[in-house]
Amino acid sequence: MTRIGFLGPHATFTEQAVRSLRESEGAELVPLPGSPAVLAAVRDGSVDAGCVPLENSVEGAVPPVLDGLVEDPPLVIVREALVAVRFTLLGRPGTTIDAVTTVASHSHGLAQTRGWVAAHLPDAEVRVSTSTAEAAAQVARGEVDAAVSSPLAAEQHGLEVLADDIADNPGAVTRFVLLSRPGPPPAPTGRDRTTLAATTRNRPGTLLGLLTELAVRGIDLTRIESRPQKTRHAEYWFHLDCSGHVAEPAMGEALAALHRRCDRVRFLGSFPRAAGTAEPADASGGVGSPVVPLSSATTDEFTAADEWLARIRDGSST
Amino acid sequence: MTRIGFLGPHATFTEQAVRSLRESEGAELVPLPGSPAVLAAVRDGSVDAGCVPLENSVEGAVPPVLDGLVEDPPLVIVREALVAVRFTLLGRPGTTIDAVTTVASHSHGLAQTRGWVAAHLPDAEVRVSTSTAEAAAQVARGEVDAAVSSPLAAEQHGLEVLADDIADNPGAVTRFVLLSRPGPPPAPTGRDRTTLAATTRNRPGTLLGLLTELAVRGIDLTRIESRPQKTRHAEYWFHLDCSGHVAEPAMGEALAALHRRCDRVRFLGSFPRAAGTAEPADASGGVGSPVVPLSSATTDEFTAADEWLARIRDGSST
Amino acid sequence: MTRIGFLGPHATFTEQAVRSLRESEGAELVPLPGSPAVLAAVRDGSVDAGCVPLENSVEGAVPPVLDGLVEDPPLVIVREALVAVRFTLLGRPGTTIDAVTTVASHSHGLAQTRGWVAAHLPDAEVRVSTSTAEAAAQVARGEVDAAVSSPLAAEQHGLEVLADDIADNPGAVTRFVLLSRPGPPPAPTGRDRTTLAATTRNRPGTLLGLLTELAVRGIDLTRIESRPQKTRHAEYWFHLDCSGHVAEPAMGEALAALHRRCDRVRFLGSFPRAAGTAEPADASGGVGSPVVPLSSATTDEFTAADEWLARIRDGSST
Amino acid sequence: MTRIGFLGPHATFTEQAVRSLRESEGAELVPLPGSPAVLAAVRDGSVDAGCVPLENSVEGAVPPVLDGLVEDPPLVIVREALVAVRFTLLGRPGTTIDAVTTVASHSHGLAQTRGWVAAHLPDAEVRVSTSTAEAAAQVARGEVDAAVSSPLAAEQHGLEVLADDIADNPGAVTRFVLLSRPGPPPAPTGRDRTTLAATTRNRPGTLLGLLTELAVRGIDLTRIESRPQKTRHAEYWFHLDCSGHVAEPAMGEALAALHRRCDRVRFLGSFPRAAGTAEPADASGGVGSPVVPLSSATTDEFTAADEWLARIRDGSST
């Protein structure tokens, strides 16, 4: 039976994400303590795949996941899932907000409810937990008074919802990814995403060069994050999400170009875009709007160009 | 007397940073609970300036500071300071590491010692504090057993160093900035940095267009961060550090170009680079290395070009 | 009275062009022997302005005019005119095509009728004249049997049209320009052209850099010609026609940028586009079509950006 | 026996060029009347190859050759030769310059001696010949008094050198090319040139896009010419000389990219650069100089990148 690790314990948003994926059917779901533990378990083979949060529409990327993805041995993303994030304040039955002196959550949950907590629990001590579900468990065990958590955890731990929808920015969505050890990527669907990370020497214009390699081949960039390289001063890993699939010629050529241009480039997977994620915007632009260097050749045009190239190389055409 | 707020309490790295600045001489230093509180105090005039951490060489940018900088009313950076970050584990006299069941620190401190804490305090409960110094205070008050903190806090609170240099990546440096309400920027020194934030519509190539505007005018980019816009799905603020000063013509022209191209652009200050921060790299590159579109016109060349333009406009030259 | 020199003698296409210009009303039109003579006469003040052909829709640019424009002292274009070119073969009354053993024309006329002459006068001796009208005069003087010329010259010299519309590519249009010594350019009309010439050192990418300076400022390029620099091996003058007027901020900034980037840049005038000349194409492109880095800021947006720049420089805004 | 056509008659600079090529050893050299005739003879198979002038260091490209190259059926360049051009004024024995009333030459020869002829033969009638050698023949036949010609023609026709080195710009060099019908290109030598022509729709930035495709793949551009398309108003063929060989991966990828991006692209041959032709300039630039987006990947780096791409596509690496 397939084993899939996830950022546990049970009742986290991550479990909600992994259960939404086809891969979870018939699989054993293994809660693990923290995203680094999930990555490690996939790497050492104790699970076949692992699910972790990658970015949140409000809080941005999850730094330890980004940093963990570029470590060795390599991992690749094979699937993604979007989960609408709804935060609630959970307490033991009978607790009132006024009586809350300690509140716990995952650091991401705390960040997304910072304003609410500051306004409603100004004097409460804030504790960071390894997950929102663990925070709920801490409440159940009496270690803290309240947890900022998914409403799912209320039922599991017999807690009450003291306040609902307490996120500072309602409508937040978190993107989760399913990781595995390297293998053939999922087949292209025509609506795919390719994730990669690249390092460049810290010299002027290298990022511009990298983006130009993508742009001239019609590859749209939908996310970029910079993360300091832990081992080199003032140098960065750029984490990129691009439209397209490594099996397509435009993406293949772009990746090969990055391989030549960058100090290091790490392929982090090609996989279907989750429904609801941003489509690359239309390139046409309008008056006064920023427009950019693009090509938009189709796979057929790539094939035709390669066939022509073969003919001019053997002298049968010009 | 000038009042300067800082991310308190006393004995934080931020206090160490603010004391290294000339502006702190003769000023009243006001500890405030958290970076958002510092920004708010500068905005409402209760302090004249405020000092907060902006980025760490290991952990990257400080998201709430980036997000707070682009809020209204506007703030500008007028000075920066680099502080080498040294983390220690502090406990009450007599405490041994074995006996530590709870450990507290600022989330940044926890992130930079994650590996050490996981290895040496695998079973300890981790609590997030508003600052490393507050964590030390919590130890002194008996609320937690140990704090990941600056060694300065040991003396202040009568604590002992249970373990020294516990950062996972030694040699980390944090960059702090001194903020004020808008006013004339510090005079150019020839070694200046300009910080800005810009939003673009989420359409292909807008980031490339933005970087091209900088590159053609010879502006080097030394840092780029993307942060989700809290109010718009899938759109970003790009936070940029550039070489140069707003008073210089190349930077002036580049900023005006971004003003035309971007949805919004926020000028976050021109100020002297702190000694020890990365020089823009040399542009010449070498065989096989990534090279980029650059100009490198001097201010004299800008002046000469503008004088020539005036002459061709009035017909006295061509 | 204003004196305007033109590529004479009378009855050339150039006279037709100059008579179509408002500037010719009440002016004395002075025929001169060859384009270099026209340029020289404007330079030495013996005429106030001069009219010469610059490019033909079939034959391309007129090299001696391009080369002469970048010589010293400087000249500028103040007006342009388009003339549809219709070539006829003229002979003395009674001449038949079969009897033509010598045929004369300006080298441009010969080039545009090369195919016709080769087919219909395969054995005729071809002589180059200083103008098509001079060729007609040579026929009238009995020096040659036939001239490739404007039909206007038939009447003037009492010649007969032996064959009409003999251009190899019917529909050719020649663009003529009116030159003067430097002075304030004509006022912007909103439909203007700016002509310039620039030299770059022969190093990879300099042309790309030059075009990028135009593109990022939304300047469209409608013509580019390279001409070898007579005094430097393997280096070129690039002759460019751009949309816009030097008085506009986008063009002013682009010209200043070229002044910084190029070895030499020569402003050759801003003037109204002649009706019938190509509009810059629409930038939006379509699927599969080549699209490029563009901005399209209006003059108002340039003004707004400059006002914002002034405010951030004095600290009254961000 | 191989038959090679050339721009005749005998004693032209073109014959000098073709005789300098290895291919002429043992070949029958066939003089033909004009460059179009040479191209036609190669196309129809009446000769195996043809030699024509392509560009002159002073006068620029030879328009009819450029225009003829892009016609159908296709031709490719297989070799190039540089010839130093030395112009002399030839007359029949006993002629003095004062007595010259008619002077003939090829239009290119007339263009390169225009200044000398205007100064020394101001009243002479100028006649265009199909070649400089034909002009000398006309002198020998008594049809004109003098010819601007190669000194080689003096001996052949029993003429005297009335004036030597009469070019307005001494040191001119003409580049000749040997054309054939399409076939496998000459093997790469490491010092090759690739010539091509491309058309783009007349829309802003298409030339910039085309140059960017070359630049990102490290292809240096050593010549660019624009020629109007005879059949489409205001549209151009761009004629480009690039460093490199079609068999190399960088050039192959760049050509395929142009095939996708351009309306039409015509491969005009990869062949060894003639000794003495300009090396691509060094890319490093200096302070104040124009520098540009370049990559400079070697063939080994292309191979390594392709191998890596194959591995990430099959899942054996990342």
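To keep things simple, chains are lettered A, B, C and D as they appear, and every chain counts its residues starting from 1.
Note that a residue touches a chain if its C-beta (ideal position, glycine included) is under 8 Å from a C-beta of that chain, and two chains touch if they have at least 3 such contacts.
Note that the structure is a prediction, hence the values are computed from the model and not measured.
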item	value
Graph separation of chain A and chain D (steps between touching chains)	1
Copies chain D and chain C - interface residue numbers shared by over half, same or different	same
Separation of chain A from chain C, taking each centre as the mean of its C-alpha atoms, in whole Å	57
Separation of chain C from chain D, taking each centre as the mean of its C-alpha atoms, in whole Å	25
Residues of chain D engaged with two or more neighbouring chains	205, 208-209, 212, 261, 283, 285, 289-295, 297, 301
Contact footprint of chain D on chain A as seen in their complex	74-76, 182-185, 205, 208-209, 212-213, 216-217, 246-247, 252-253, 255-257, 259-261, 266-268, 293, 295, 297, 301-302, 304-306, 308-309, 312-318
Touching residues on chain D, where the partner in the complex is chain C	36, 56-60, 63-64, 107, 110-111, 114, 125-129, 143, 168-169, 171, 200-212, 215, 220-228, 230-231, 233-234, 261-262, 278, 280-283, 285, 289-294
